[in-house]
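We call the chains A, B, C, D, E, F, G, H, I, J, K and L, going by the order they appear; numbering starts again at 1 in every chain.
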Amino acid sequence: MNEHVYKQIELTGSSKTSIEDAVQSAITKASKTLHDLRWFQIVESRGYIEDGKVDYWQVTIKLGFRLDE
Amino acid sequence: MNEHVYKQIELTGSSKTSIEDAVQSAITKASKTLHDLRWFQIVESRGYIEDGKVDYWQVTIKLGFRLDE
Amino acid sequence: MNEHVYKQIELTGSSKTSIEDAVQSAITKASKTLHDLRWFQIVESRGYIEDGKVDYWQVTIKLGFRLDE
Amino acid sequence: MNEHVYKQIELTGSSKTSIEDAVQSAITKASKTLHDLRWFQIVESRGYIEDGKVDYWQVTIKLGFRLDE
Amino acid sequence: MNEHVYKQIELTGSSKTSIEDAVQSAITKASKTLHDLRWFQIVESRGYIEDGKVDYWQVTIKLGFRLDE
Amino acid sequence: MNEHVYKQIELTGSSKTSIEDAVQSAITKASKTLHDLRWFQIVESRGYIEDGKVDYWQVTIKLGFRLDE
Amino acid sequence: MNEHVYKQIELTGSSKTSIEDAVQSAITKASKTLHDLRWFQIVESRGYIEDGKVDYWQVTIKLGFRLDE
Amino acid sequence: MNEHVYKQIELTGSSKTSIEDAVQSAITKASKTLHDLRWFQIVESRGYIEDGKVDYWQVTIKLGFRLDE
Amino acid sequence: MNEHVYKQIELTGSSKTSIEDAVQSAITKASKTLHDLRWFQIVESRGYIEDGKVDYWQVTIKLGFRLDE
Amino acid sequence: MNEHVYKQIELTGSSKTSIEDAVQSAITKASKTLHDLRWFQIVESRGYIEDGKVDYWQVTIKLGFRLDE
Amino acid sequence: MNEHVYKQIELTGSSKTSIEDAVQSAITKASKTLHDLRWFQIVESRGYIEDGKVDYWQVTIKLGFRLDE
Amino acid sequence: MNEHVYKQIELTGSSKTSIEDAVQSAITKASKTLHDLRWFQIVESRGYIEDGKVDYWQVTIKLGFRLDE
């Protein structure tokens, strides 16, 4: 791992069901254009409310990936 | 959204099952007296332990709602 | 509760399935050598990615327990 | 000032023109139901964008007021 | 404790004598209108000076109480 | 809003006249290459001084935009 | 710029009209006794309220200047 | 002091009377098993309330001690 | 208060007896060379330990005073 | 400097020898695709251990560069 | 890495020569009693001064290691 | 150490070679006018880049010294 340079970007994903699912939605999106995704860290967990219920979760992550050689 | 004033309050909900459920319990309680609940942000996730198991999750949220016109 | 002294330690647990499960894995480990575990607070939620999917969740908690009399 | 107890609440105001105006909009709203408003502190300055222009500023303040004797 | 929802509010109390007394002054005030006060956390400790002496202590606390069933 | 993934980037704009104008300068620049800019948050407000006067304001924002479908 | 040592001090200026003007009032004051003022960073933006209106803005800055050779 | 390695641990002590006494209670407990205790830093000051009075103070400290040679 | 510019400096005072007394010791020292001291804020509360007892408290404050006209 | 807009990105570089060298490794990588790199700020300094020795340093920087006209 | 539980502790090492060397001194000490040391993060870098020169560097790290199976 | 009052100031030093050297440059400068310099803490480590190389390191420290009796 020590020969590489990594970049971190910040994404926000959302889900009707859970924090975990919102994280996965952001990663799924990112993996379409970036390879070598390695790790993430949750930066903020928010959500929106409709009629007294959580309508969807909105989770912001810092996402790290290896820069190409 | 831009014509309104919003207020944020801080509530702590709890649940035997998950972080998401603890958040919902706080929102359910708040929605009995406040309408126009719009969004929340998780401020702190804690929990209490019984016999080496998470007994219940206790999650503090900042909860935003529109002030009446 | 007020007659006691508590110690907090920092542990990181992991899980293939959820944040809640990663927390429980750290508590399960700690409860083998420490008794009187009382509460925890989530300090950081991270994860590792394999092939565009969250491979496992890695959650760091501060864990409080009562020191023996 | 030292004989009193103060309460702080968190409000978000908005304005098409400036940060200062968004702060004033929150204070104007609060002053309809609260008297003895004394001071505020800006907690967060955000805004929303339409067609590459700031559409409105949205500023969150902590607002302090004296509790009635 | 796990069946309830708690609310936290932020108050500032003051005292000529000590930080502890300033905290108590805020709690005394709050307990006139709120019951089920449970805990507090000191958020900020300030003070004002007259002639090179601390004139009064001004302590801001986050104060938690149980919402009525 | 809940079906999308958002990305946040950090930009610094500057202006001779005001904080608001420095924010707009960063957004104007970003809108030349990015569409679907949605919101921003001020991260840092600095400035440079010439002859005892603010020469220009330099404001750093976190800027959120929707990733293409 | 790299041969010098800089000192930062913290000042609070105020203004009836704007955040920018409060910053300038602090810098104007400082420039009477300090030369080589270079940059500032806003640390805190507060204000005081009279009759439901912002009476004056009070802005704290960190102010950097070059120490004499 | 510079030849040694220090360890910091986090303890929470409590007292019916004051913040200072709660700190001392944690140090007294620690000094039964650790020697070479050197310094502490207050991390959090909380308390619990009974009938509108502070029932006990609960103060968390980081406590530093020299590791044995 | 709004016509003036204030400066904040950071001092550390100490005391064998209490946090409040350590704060006062720093203010007493400062008041020998500075007039118009107005307010302070506690930034850090530490202490040193001798033989399992708090030997002295060491409290760092930010201290605000009005700059001369 | 005041006519431009800057972007900041977050990179992590590593080195067997020093923090400074890990920073340089990230900058070297970035300079292959970005020109007008101007400044950086260290965000986090970590490292990995093999057999009781620091195996490599891993330093995360925020890296600022001017956007093209 | 995902089957294990990790513990983090906080140590302070020192050195006459560099930050890196102070970190290594803390790790060297820890490795005498702990195995499976994996990573560290620098938490604070301080130092002490003698006659206008840095006398020694004192660096606090969070140090992670795998708990035994 | 406990009979004295200390002041902390914030300085920024720079160096072509290392973080340690930038810290020393700030201390060297300060020691020309202040005696009884005791300790420092690194607050921020930045640097400037020329042609893809770190041109100089710029490190901000908080510097503590004893006030004269």
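Remarks
Assume contacts are C-beta pairs under 8 Å (C-beta built on N, C-alpha and C of every residue); 3 or more make two chains touch, one makes a residue touch a chain.
Predicted, not measured: the structure shown is a model, and the values here were computed from it.
Path length between chain C and chain J in the touching-chain graph (shortest route): 2.
Centroids of chain F and chain G (each the mean of its C-alpha atoms) stand 22 Å apart.
Chain geometry summary: the mean Cα position of chain F and that of chain I are 38 Å apart.
Multi-chain contact residues of chain I, defined as those touching 2 or more other chains: 9, 18-19, 48.
Checking each pair of chains for touch leaves A-B, A-C, A-F, A-J, B-C, B-D, B-E, C-H, C-K, D-E, D-F, D-G, E-H, E-I, F-G, F-J, G-I, G-L, H-I, H-K, I-L, J-K, J-L, K-L. By the touch criterion stated above, chain D contacts chain B in their complex at residues 9-14, 16, 25-26, 29-30, 48, 55-56, 58, 60.
Listing the residues of chain E that touch chain B in their complex gives 1-9, 62, 64, 67. Contact residues on chain F toward chain D in their complex (touch as defined above): 18-20, 23-24, 27-28, 31, 37-42. The part of chain C that touches chain A in the complex is made up of residues 18-19, 44-49, 51-54, 57.
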